[in-house]
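I have placed the structure first, in the form of structure tokens, so that the comments after it can refer back to it.
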Amino acid sequence: MSIRKRAADFLLQRGFAVVFAIIFIFFSVATAHFFQADNILNIFSAMDPLAITASGLALVVMTGRLDISVGSTAFLSCSIGALLIRDHGLNPVLGMLLVVGCGALLGAINGFIVVVLRVNSLIATLSTMIAYRGMALALTDALLVELPAPIRFLGNAKLGPVPINIPIMLIVLILVHLLQTKTSFGRQIMAIGNDVTVARKIGLPVDRTGFLSFVLSGALAAAGGVLTTIENGAVSPFLGDGLEFTALAVVVVGGVSLLGGRGSIFFGIIPGAFIFEMIRNGLTNLGADPYSYRLVGGAVIFAAMYADALKSGRYALRPQS
Amino acid sequence: MAVIAARDMSRRQPPFVWPSRQRAASVMLLATALIAIEFYAPNFFRYHNIINVLLQASLLSLLAIGMTIVMIVGGIDLSLPANMALGAVLGALSMKAGAHWAVGVAVMISTCLSVGLINGFAVARLKMIPFVVTLAMMTVVSGATVWLTNSLSISQLPDTFVDLFDARPVFGVPVAVLIVLVLGGFIAILMRSTVAGRWAYAVGINERAARVARIPINRVILASYLFSGLMAGLSAVLLTARLGSASANMGNDGVVLDIVSACVVGGVSIYGGSGRVPGALFGALLITVLSNAMNLIGVSYYLSLIMKGVVIVAFVAIEGRREGRQ
Amino acid sequence: MRTAQTLLRMDGVCKAYAGVLALNHATLEARGGEAVAVMGANGAGKSTLMNILGGVVAADSGRITLDGEEIAIRSPRQAAQQGIAFVHQELTMLPTLTVAENIFIDDLPRRGPFIRSVEMAHGAERLLARLGCAISAKTPVEQLGVGDRQLIEIARALRRNARVIIFDEPTSSLTKPERQKLFNVISGLKAEGAVVIYITHFLDEIFTVCERVTVMRNGETVWSSLISDVGPTRVVQLMLGVSENEGRIRTPIEAIGEQPVLSVRRLCREGVLNEIDFEIRRGEIVGLWGLLGSGRTELLHALVGLGPIDGGTIEWNGGDGPKEITPERLRARVGLVTEDRRGEGVLLPLSVSDNVALPNLMSLLNAWRLVDRVRQNALADAMIERLRIKAADREQVVSTLSGGNQQKVVFARWLATSPRLFLLDEPTRGLDVNAKTEILKLVVELAGQGCSVLLVSSELEDLMRVCDRYLIISRGRLVGALPGSADVDALMRSIATIKNEYEAAP
């Protein structure tokens, strides 16, 4: 076995934990504030929208496709909900349900384009990513949509010392995890990701499952957006900007293979999201330029992707055979 | 075996019926645009506006040519606009620091080439996925650009630089348009008639068959990304000169959409192996005309994004080949 | 052995693909508790027959009776409901799922929305225990070897109490102990009274596993009997038929005096190729003769770097004495015609002219370093004429040509590079009689001009029309050599020789 292969194997097996530990120790030593209970809680609290969005995206990635419209989906559905709540006095609880429903609908559009029109998922969601964002900016005139006070209050709700959104995230992720591991639907997702042709041969409902994975991805992206919105008390024109990339990074760092068929929601997405939020938090504590996050994040995803590529070989936009 | 032979028979359809349908769709799109312009935006045909459209189209064309080459080889380069912005900003910074304009140009082009080299290396040698590599590159590079500039625009560049590349030497046609026309013709010949061009198509059509036919696949792939880096560098130079400034916003999301739609409208297949440079030039012109017309008619910028998204999806769906195993 | 009743009977089954008859009143009879071997060369129709039985394709006419009742099979699902299970050669495993999930994937047992994992695991382990296999049901399939995967595939087939189990080349990628295990499983199935239909290219296996043999040729059933009534050589003769002697295209030459163009020493690839030693001399046509799965394609791929090698050397003589050479460099020097014409040979959407020019571009440049259209066209026209390629003109798109003409385009491409050696893997596959003859004549013509040729074909007649000598390959090993004058019997005996590797299954 060559050194390269061995190094790669090591990276695959334990690299994640090693990198995680190094970063964690580095920040703990380098800054005074980082390694404190309330800061760790902060990280957990801040990563919630990201983790929920990534869990939805992971479902699509596990089928071997991509959905890079998640950030825009969150933005558009939250804008619609927020505008209805602010301008038409919609009940906030109904509003939240509506937002998630909107997300599901936008996801369904993606699913339709990919599964029925047979457009490559990358191109399809690249188009809808920009189109959805355009739609939302048109609706909101690219202005901040403020929400009424009671909702803003929700953002500060706590269970004892724990911000309420942490248990919400845990519940959502556990549900998605159960969906992925314990239901036929979840197993079919993995089957498709393993090999579409084989899945079809066995007689699995490949198209239905693929379509539903996009619907769920949209709904969960919207749910993540709801958490962000509640926390901020408003929908900003930058909601979900770059989220598609961060979410994808979390998915890859969390060990979900871009080839599909491999990975775990609960045990992949939570550490993945934690790493990203930890880097952001640590850099802030270090007093680094906020613009450098993207750079560091990019480096992390490059490494994770390289590991993924080593593991599974390249696949291209087009059929190879 | 008999079964396989029979399956071969059923597959023996001429595989390229679609482009004609695509071409028909492009022409219809152009016709619709022109009719809409005729009725709603008479201002379109003013001299200044036409020159403006040509300028915009020529800059988009450069990026679209880069994308076309990468797509022909079977990849995609989403980092093109971000790459251009980084090159522009670094070049502008160096000129602001007192460097000669030639040095500024060299900085822009070499920056973009190095980003292209990294992309190419990652795809060709490290066997990473083109879409994700360049998506990551786009994020990293635009992050770096924002960081460098603090989201501010870098202006007051040396006049020699601005004048040189923003000049209008012949009949008031901007130098950028001329450069793109010459370059487009040059690349078209390159793709049609050089060994490298033929190799590019072959790799894009079928990598395995290309390998059996003794084509150095990795070199071809690497070269395609290097080339798109070069195009990003050139457009950085021209765009910076035109605006008289450089900023991170030069490479926003909308530009990626413009490039991809110019390519698919121009008949470049996202699955590799087919597409022509003149097609991409036509696509770039069409998309620019559409944007400009929508702007004149008063359609909001955001709605124009939606329409471009629809155009891309429609054209790829028309192309109609099965979604590849990704 | 208890005498069993005929359980399955297929009568007068016909099937045509696009007017070409693949099955012509084929018959098959099988009894409970017995395994029947279905033998036949490529294209004999055995796959089609099995696909009809498995519901993969529909027959044009014919009757299938199971247990005395006439049944209609229109889909794999219906076949499964009738108790017919098909274990395909290509396994349909989902590597990252567990053993139990793979067995039950198309019908997961559920309570409410959730899978009943425990029950499923028990079910899976019960099925596997029946197959004498003690894999944990919770193991991901990717951690298992091919043999175990095959058992899981069988377990999936058995889930619905199969009465007829079709094995399509089940041993092609198994190791010896795995094979033995599979044979035991088959014995167990027979003991339960099931019908086993066994398809293989390995002659030795049918004498170990099967009680009966049915031989097919050209879509017809030409022989059915107890296995004890025939010997291996007889089976091969039945499979291949009496060679319709089309006559040799050239009499074998002896190239003893000539220098070797290619010498291969101790070429190895773990589990696939074993100590391959041979050389090819200038101007000779060497036939690599072996059954499907004997390693012949793998050998060709390994030689030119399209498949890995673990050891051995390749020496190349380009006219300036022998030199050691890497497979990649060898690829740049030989004309290579691969088995998969459409996937690896031609570039389908390009024209004849562009396809022919592809590896020759460097020699077609003009003073501007551009590819000279005139010269390219001249080359294409010359090749079209020389190889008598039937195309409307040089600009015709290759995907619209017939198979034989596509193959000629592949040849044309290499001819222009004037290689000293051609490696041909099934160059005549899927071609009609005339096209075959033309390709073979072309091969002889090349050899006459001093090229050397290594020719692989599963059709003995083709080899016998052109080869100067034969290398015999079996299970990844060169087991012998025969002169060009060898007759059909000698060649058939050479691959039908069974080394007594396996004990009879209990």
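Here the chain labels run A, B and C in written order, and each chain numbers its own residues starting at 1.
The rule we apply is simple: a contact is a pair of C-beta atoms (placed from the backbone, for glycine too) under 8 Å apart; a residue touches a chain by one contact, two chains touch by 3 or more.
On a predicted model such as this, the values are computed, not experimentally measured, just so you know.
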Chain at maximum distance from subunit B, centres defined as averaged CA atoms: C
Pair of chains joined by more contacts [C-beta pairs], B-C or A-B: A-B
Inter-chain centre distance, subunit B versus subunit C - centres from mean C-alpha coordinates, in Å: 45
Rounded Å distance, subunit A centre to subunit B centre (Cα mean): 29
Of all residues in subunit B, the ones touching two or more other chains: 208
Of all residues in subunit A, the ones touching two or more other chains: 321
Junction residues of subunit C - those touching two or more other chains: 343
Sites on subunit C touched by subunit A in the complex: 76-77, 92-97, 101, 105-106, 108, 110, 113-115, 117, 343
Partner subunit A, residues of subunit B touching it in the complex: 74-76, 78, 122-123, 126-133, 135-137, 139-140, 142-144, 146-147, 150-151, 207-208, 253-254, 256-257, 260, 264, 270-272, 300-306, 308-310, 312-313, 316-317, 320-326
Residue numbers on subunit A that touch subunit C, as the complex places them: 178, 182-184, 187-188, 190-191, 193-195, 198-199, 201-204, 261-262, 321
Contacting residues of subunit C [partner subunit B, same complex]: 17-18, 20, 22, 42-43, 45, 47-48, 51, 57, 219, 306, 331-332, 336, 338, 342-350, 354, 357-359, 361-362, 365, 369-371, 373, 397, 399-400, 403, 413, 430
In the complex with subunit B, residue positions of subunit A that touch it: 64-66, 68, 113-114, 117-124, 126-131, 133-138, 142, 196-197, 242, 245, 248-249, 258, 260, 289, 291-295, 297-299, 301-302, 305-306, 309, 313-321
